[in-house]
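The same chain A turns up in both complexes below, where it pairs with chain B and then with chain C.
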Partner chain A sequence: MIRTILAGLPLTLLITATAMALGTLLAVPLTLGLRAGAPPVRWVCRVVVDLFRGVPQLVWLFIIYYGVSAGDARPTALGAGVAALGLVASGYLAEIFRGALKGVAAGQWEAAAALGFSPATTWARILTPQAARVALPAYTNYAIALLKDSAIVSTIGVAEMVFRTGQVARTSDMGVFVYVFTAVIYIALSAPLGMLSRRSDIKLREAVAR
Partner chain B sequence: MNVLIDVATDLRDYLPELLGGLRLSVILTLSSLVLGLPIALALAFGVTAAHDVLRWACVAVVEFGRGAPVLVVLQLAYFGLPDAGVTLSAQVAATAALTLMSAAYLAEYLRGGIAAVPPGEVEGCLALGMSRRDTLRYVTVPQGVRIALPSMMGFSVMLFQATSLAYSVAVPELMSRAYSIGSSNFRYLSMFIAAGLLYAVIAIPCTWASVYLEKLLNRHA
Partner chain C sequence: MPSDDADLVHTVAAEPAAVRVSGLSKTFGAHQVLKSVSLDVPKGSVTAIIGPSGAGKSTALRCMNLLERPDSGVIQIGSHIIDIDHGVSTRNLAALRRSAGMVFQNFNLFPHMTVLRNITLPQQRVLGRSRDEAEAIAHQLLARMGLPDKGSQYPNKCSGGQQQRVAIARALALGPEVMLFDEPTSALDPEVGAEVLEVMKELASEGMTMVVVTHEMGFAARVSDQVVVMADGGVIEKGAPQDVLHHPEHERTARFLHAVLER
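Up next is the complex of A and B:
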């Protein structure tokens, strides 16, 4: 019984990691768009970010899974799940990145310009490393939230942990135990992530100019 | 652009039914918040209590409510509890699950808010000879709540979006209705876009409001 549930763990982790990677990738252009000089670009990116964050993940999931098709081709449940979670993640992560860039002291930009660094070098060697440190705690928190949110893909039949938990609960008379067991697995998974983030945050913060 | 026309016609034809669902989503959100808030306040003090058993019990509730996926807690309340002899209706089960989640999250925000009240305030009360009760009632809690308010509003938006998961335990809220209409007219795409827009119409302005409130409260910080 426990083994059946745990067999879904790799898929849960895979979905979380893939969606987080997709979200991070999509968040980069969105972040740049939110900071763009041209107002129309900024507005479009603001609307996109707000829609990604303002519409529940389940709705995105169903829009993509039940609604999107190209000819006869329909997305797989796994693909739709990763896409939906990744889209929503990109909205939240873009906000986190934007805030982190704002947290890098203005003197750092000015100093880089004064020293004649090219924009590319300024971004690669000065801004990104510092902003990444500021963003880390919020980034890890989102990863933990995403781990839990990945459970929603069970509603379209992806056989990850919660889907299997439901199956086990239906065939046994120990429903409470089965669900609490799964919940404890999630809690056990997020505890070390949270601890790691707190510890690295303290170390990394020392390396950010104020 | 056919999709947009579909969305517009579906909104025209099914708006009353969708709004009925939205109403239930809002009721679920508000009742979980109202029920969760007093529990949260008790938990916020419980997790710092000197009594070991009490403290550990409160920590366990908070960690469970925050660490378990909402979907798992919802299904535990609806599909799991009957095995323990407790059968709840879908709506009561969903409210109970979301209340547990609210209590746990709000407890953390309140605890953080109360901890952020400057120690000088409490020392001032001591110096003035105020009782512990009055200190909490008139000084610590009101200021702590104010500090915690923006995050609590942010959480409320999250909770509102999380009510869509009550679809999985057959509560006829917005998502369930969009799904059942979609499965009768096979226009899933436009039905879900319509539902998404209705969620967004509430969630996005509320998020703006919480950001604005945070700026307002940080004016003098």
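Up next is the complex of A and C:
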């Protein structure tokens, strides 16, 4: 039984990691778009962010899994799962990144400009490192949430941890206990992540405190 | 520093302008913050810009390196001339900013880097110096600022006065032709501000061309070669400090000086 459930662990981690990566990747242009000088770009990005965030992950999942097709090709369950979770993540992460950039004092842009830094250098060396430190706690927090939310892909048959727990629960006589076991695994995964985040937060706070 | 007036005037007239601003105008919404401001700063001299708050002093200074984009006007720093009406190319902008070092009221050091890195990174990225070369220059400047062992510290571990001196070192490291100071001591308590003013005085005596927006009348009187009084977005009076500060021609200047001295 333990074996069966743990066999779903790699898939849980894979879905979490790829959805987080996809979300981050999509969030970067969205963040830039939310701060763009041209109002139409800002509006479009705002609508996209609200669309991604505003629809439940489960609904996105069903829309993508059952609704999207190209000719005869349909998304795999795993692909649809990662896409749905990644889209929602990108909306939230874009907001996190936008807030973090806002937290970088205006004086930093000015100092960089006055020193003659190019925009690329200013982003790479001044803004991103400082914003990343501000964004880190919220970013890790989202990763922890996503780790748990990845369970929803079990609804379309992806055999990750919760899907397998359900199988075990139905076929063994241990009933709800198997879910307690799965709960412990999730805690064992998320607690260290949370601790790591708090630790580095304290450290980084010391380094960038104003 | 020349001791008598005639000598001073002579020196000023003989040197070419290091900073020349003419017809600088800027409007924020319906409010005209700069009304055709013109200003000449001879090479190697110090100009203090004083005046009541809201006069446009900082805006004028920030227009000189185009941190603020004026609506019109011509800005010359060293050999670089930008006419706003003809547009500003990225290359011109970079050249102008390279020749003007800027020091801010709130220091604006990069908090995620050590003091040393604050001074070396711009040299490497903007001038393409090697890390070793940049570090040698940074150490030299830190020593000159009286901060020889602060290199490995983070800015938040330094006092305000120390941070401002680091900021001056960071700007000097790029070898500017002109230094622009935007109320460099306003965020500091007087005693700490004095350390910074001391460094600025030294810089002036070494022949650095400086434009200083300040409320420090003592500094304006003792260190500057020219005092420019601004009010309501315009220059209302300029001249040698002893003239402007002691025998102001303009009633608005007299009122401002009276208010400052009464404080």
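Basically, the second predicted complex is superposed on the first by the 208 of 210 C-alpha atoms of A that agree within 3 Å, B and C clash if a C-alpha of one lies under 4 Å from a C-alpha of the other, contacts with A are read in each partner's own complex, and residues count from 1 in each chain.
Just so we're on the same page, contacts are C-beta pairs under 8 Å (C-beta built on N, C-alpha and C of every residue); 3 or more make two chains touch, one makes a residue touch a chain.
Just so it is clear, the structure is predicted and the values come from calculations on it, not from any experiment.
Legend: residue contacts after superposition of the two complexes on their common chain; A:179 is shown touching chain B, with no touch to chain C.
In the superposition on chain A, A:111 makes contact with chain C only, not with chain B. Once chain A of one complex is fitted onto chain A of the other, the partner contacts of A:63 are limited to chain B, with no touch recorded for chain C. Once the two complexes are overlaid on the shared chain, A:7 sits clear of chain B and of chain C alike. In the superposed model, A:126 lies in contact with chain C only, and not with chain B.
Ranking chain B and chain C by residues of chain A touched puts B first. In the superposition on chain A, A:166 makes contact with chain B only, not with chain C.
Taken together, the two complexes place no residue of chain A in contact with both chain B and chain C.
The part of chain B that touches chain A in the complex is made up of residues 63-64, 67-73, 75-76, 79-84, 161-162, 164-165, 167-168, 175, 178-179, 182, 188-190, 192-193, 195-197, 199-200, 203-204, 207. Residues 65, 67, 94, 97-98, 100-102, 104, 106, 108-112, 121-122, 125-126, 154, 156, 170-171, 174 of chain C are the ones touching chain A in the complex. Across the interface of their complex, chain B is touched by residues 50-51, 53-60, 62-63, 66-68, 148-149, 151-152, 154-155, 162, 165-166, 169-170, 172-176, 178-180, 182-183, 186-187, 190-191 of chain A. By the touch rule above, chain A contacts chain C in their complex via residues 105, 107-108, 110-111, 113-118, 121, 125-126, 129-130, 133, 207-210.
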